[in-house]
Amino acid sequence: MATMSVTEQALNTYVRETGGWIASQLEACTRCGMCAEACHFYVATGNPEYTPIWKVELVRRAYEQRFTLIGKIKQALGFEKPVTDEDLRHWAELDYYACTMCNRCSMVCPMGIQLADLIHEARAGLFEAGLIPSDLKAALDKQIEEGSPLGADDETFDDRLEWIEDDWDVEFPMDKEGADVLLVFSSIEIMKFPDNLAAIAKILDAGGVNWTLSKEGREVTNFGLYAGSDELEMLIADRVIRAAKRLGVKRVVVSECGHAYDALRFRAANLRGEKLPFEVVHITQVIGELVESGRIKLKAGAFENGKVTFHDACKIQRRGGDFEQPREVLKILAGDRFVEMTPNREEAWCCGGGGGVIAIQDADEVRRAAFTIKIDQINAAGATTVAMTCSNCRLQFLDCVDHFNLNWNVTGLAQMVADALVEEG
Amino acid sequence: MPERETIYEVLQKRGVTRRDFLKMTILLTGALGLEYSQVERVRVALETKPRVPVIWLEFQDCAGCTESISRSQNPTLTSLVLNDLTIEYHETLMAAAGFQAEGAKEAAMEQYYGEYVLVVEGSIPQGAGGVYCTVGGRTALDILRETAEGAFAVIAVGNCASFGGLPKASPNPTDAVGVMELVTDKPVINIPGCPAIPEAMTNTIAHIIALGSIPELDYLKRPMAFYSHTIHDRCLRRGFYEAGLFADSFGDEGYRKGYCLYKLGCKGPTTYNACSSLKWNGGTSFPVESGHPCLGCSEPNFWDNGGFYQGQSAPLQRPEVSVVGIAAGAGVVLGAGAAALNASAKKKAREQAKAASHQKEEEKEE
Amino acid sequence: MNPSDLMRLARGPLFYFALLFFIAGMLYRLTRVVGFGWKKDLTKPKKSKIAGSLLAFVKSVIIWPFIPRVEGSLKRNLVAYFAGGLFHLALFLVVFLGAAHMLVWKSLLGFGWPTLPLPVVDWLAAAGIVALLVLFINRLVNPVLRTISHAAEYLNLLFVFLPMLTGFFLTHHLLLPYEAMFALHVLSVDWLLIWIPLSRISHFVFYFFSKAIYGAEFARRGAQP
């Protein structure tokens, strides 16, 4: 069989992936352009090509040209341009560099179109056509082969854990039979935020949770999702799912990583075509439960330096629903020195680093530009400390704090909680 | 050929005094819608123009327009047109009948060839060679063709003669048409209405015989003097229309208050006629004034323009539920067909992708 | 062909055909889209998806008609909000509550309803026309809209504009005799009925899909739509 051209491969993907869910939303768009004003990439740069629905253009074209009569007529009459390799390369930049899959745009769209999912679909075609940015590809390959995009292979993983256990005085149970909870980290935490690992271990221990890590399913970060490959996304998620099944846990707790949570909590069952035999929750929810039930006690007013605000992560808050737990915690820790940004919760602005964007070097410029919105928001709120529940956001914050020379303290919620734990005697 | 009498001479013979004649001239000028300065022109015309006769033919009609004209309320004009000068032949009104009458008509046609005015009432059936309407064994088609040939102008009175009227109503079994479909080589003037307003008829006839010219016409060949405004334009209920105050049914409160009849199917907005200004029976009233929506009787396709009590804006046909069902069904079936095609396209794409990934793997293994 | 014949053609067979085409076309499109197949959601929803969908509709109709209120998005989309909103509002009020239009519905459905006074309808129509013009100009000058618009988007505006304009001229007896304008008005509506199933104007159907999906998706993920 002759190999398919790049374009054909992409279009082929769109054709085979289009279901009623996608089709009905493509049909609903009125091309009003309002979604542009929701997207931090457009708002920060003013580049009209960053309009969310424009990022879906390839999918729309494939849909109309392959599936609709009128699209075929339009194409025959020359109103519809066929998709070219050149187009694909162009949209590869739009879709990978300038979308964090935050879905903020869907809230502004009068039709409520799930634009992030459609853009994810656009990425799927680009991925099949081999147009994934090279650094993202490298990380993906690494995750497939070594088990971690950031290089936490078996050996490194063990080394890091050992080091953390020693330095932070915690213990990481590994593949413990009979555990109720399987805790899975993101590679960012393992490699960049070891304190987070320690903090989460402390919290779970303090709460009396019977938990374990697993060697096989140690990492929940999912570059398959970023890339837009369902197949690889499944392959990666399967590692965790297998481990959880083998250990027979009731719950898988995803640590501070948004996309990983999305993949495991809201996508994996559908991709596999079967319900998962365990519950997937985010550590934010666990913290909320432990605090609320009184199983851990926090020192009220533990936070003392200026004002703290909370950054809603796209995948954990807007697309994960864990809005209130972090706020409850921060109110305990900081009292009325906890301030909100506007807008917040569902309407919060994205940090600009998610969706794999932060892993793409060529996207640095737009990524940092998008962050300027966050700067204004946080300054307006008057906060100097920003807490969040996603390590990917945190990485973006740290990079931009450094780049823009900001005098902020960036922290994870788990860490703040661990620091404020009151040991019960 | 004897020297022909002028109109003035004819009137003189009937005992009209000079004084009465001048009065009549002034009245006629007014009735024709001319300015006062034109009185002189009318007088000269009446004094110098020879009298021309009118031949009035009836085909598929109900004689309603004849009824109507005989009740014209302008005495001067009526007597002028009906009695004094003109009508040489009119089957319903003349005393003579049979071959005698036909003979008089033929004589007039010959004597006044090219000058007489032909008035037609009723539509002309063309179907089956025209046999649906015959007079003295001859078809209306034939009679019209023959009579129109020597006429100076043809006036079609009533909706039937103008546009086919009731006989032409769908399905038009006799293939009836109005005069203007058949007479194309000379001026045709339409005075539609069911019946036509008497003054519109008398004035137009008077105009032609007095001035020897064709009055200004609209695109449907209707005299502008009577057909340049819609009923709605000059309707006394118009204020209610503008304010959105409508009668919703006959006898309801709005109806009793004299509100606009639009929702009861009034065709006033698209009907050009003089009812709302001239009114009927000497200016007594007209349908809308007396509580009935305008039927649109002076418009083409009068009978096929939607029900009398159906809104003027309403579509003419309402698809039957079964037809809608068929259309909907066809849509669903075609949609399902498209869905099936799309599903097979998706399947093909899936197979291609599988083949491609196999190939990739094989390459890798090698 | 005189205006009267044209009017009959437009109100009669053409409207009849256009209406059936519209019904068949919309159902065709609906079936085609539904026929793509739907995957069952196997994840455990955080909140009730049905409640989420309902909430999405309620919010988008009652709280702020059709256009979601997200902090800052009003200010950033003023033209789309107000011209778009006004256009839709005017269109629906005129089409359903104008006396002449109600009679059309009545003749099709068999029952009627009270209508608005003509001056009100008239002002609404004028506002709708102005709003549409504003939307058109906005599409021409706004870089985002220029980027995402294809020829079809401009045609949509044109084909909606024609009935509005002829309708307005009609009631004001402008330009052409009433019945000629009436014929053009109905003709443009006939064409619109044919055009809708072929174009994005049919968004009023798929709106119900996307909005339901939106509500379900947000509820499934534990957020408020």
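Note that the chains take the letters A, B and C in the order they are written out, and that residue 1 is the start of every chain.
One rule holds in what follows: contacts are C-beta pairs under 8 Å (C-beta built on N, C-alpha and C of every residue); 3 or more make two chains touch, one makes a residue touch a chain.
Predicted model only: the values in this text are computed from it and were never measured.
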item	value
Chain located farthest away, centre of chain A as origin (C-alpha)	B
Centre-most chain, if every chain is reduced to its averaged C-alpha atoms	C
Averaged-CA centre spacing for the pair chain B and chain A, given as whole angstrom	76
Rounded Å distance, chain A centre to chain C centre (Cα mean)	37
Chain centre separation (chain B, chain C; CA means) in Å	39
Where chain C touches two or more other chains, by residue	29, 32, 34-37
Residues within chain A bordering two or more other chains	18, 67
Shared-contact residues (touching 2 or more other chains) in chain B	338, 342
Interface residues, chain A side, partner chain B - complex	1, 3-4, 9, 12-13, 15-16, 18, 66-67, 69, 128
Interface residues, chain B side, partner chain A - complex	338, 342, 345-346, 349-350, 352-353, 355-356, 359
Chain C-touching residues of chain B, taken from the complex the two chains share	219-220, 230, 232, 241-246, 248, 262-263, 269-270, 299-301, 304-306, 310-319, 323-324, 327-328, 330-332, 334-336, 338-340, 342-343
Chain B-facing residues of chain C, complex	2-5, 7-8, 11-13, 15-16, 19-21, 23-32, 34-37, 99-104, 106-108, 112, 115-121, 178-179, 182
In the complex, chain C residues that touch chain A	29, 32-39, 41-44, 46-47, 56, 60, 66-68, 70-73, 76-77, 80, 84, 142-153, 198-200, 202-203, 206-207, 209-211, 213-215, 217-218, 220-225
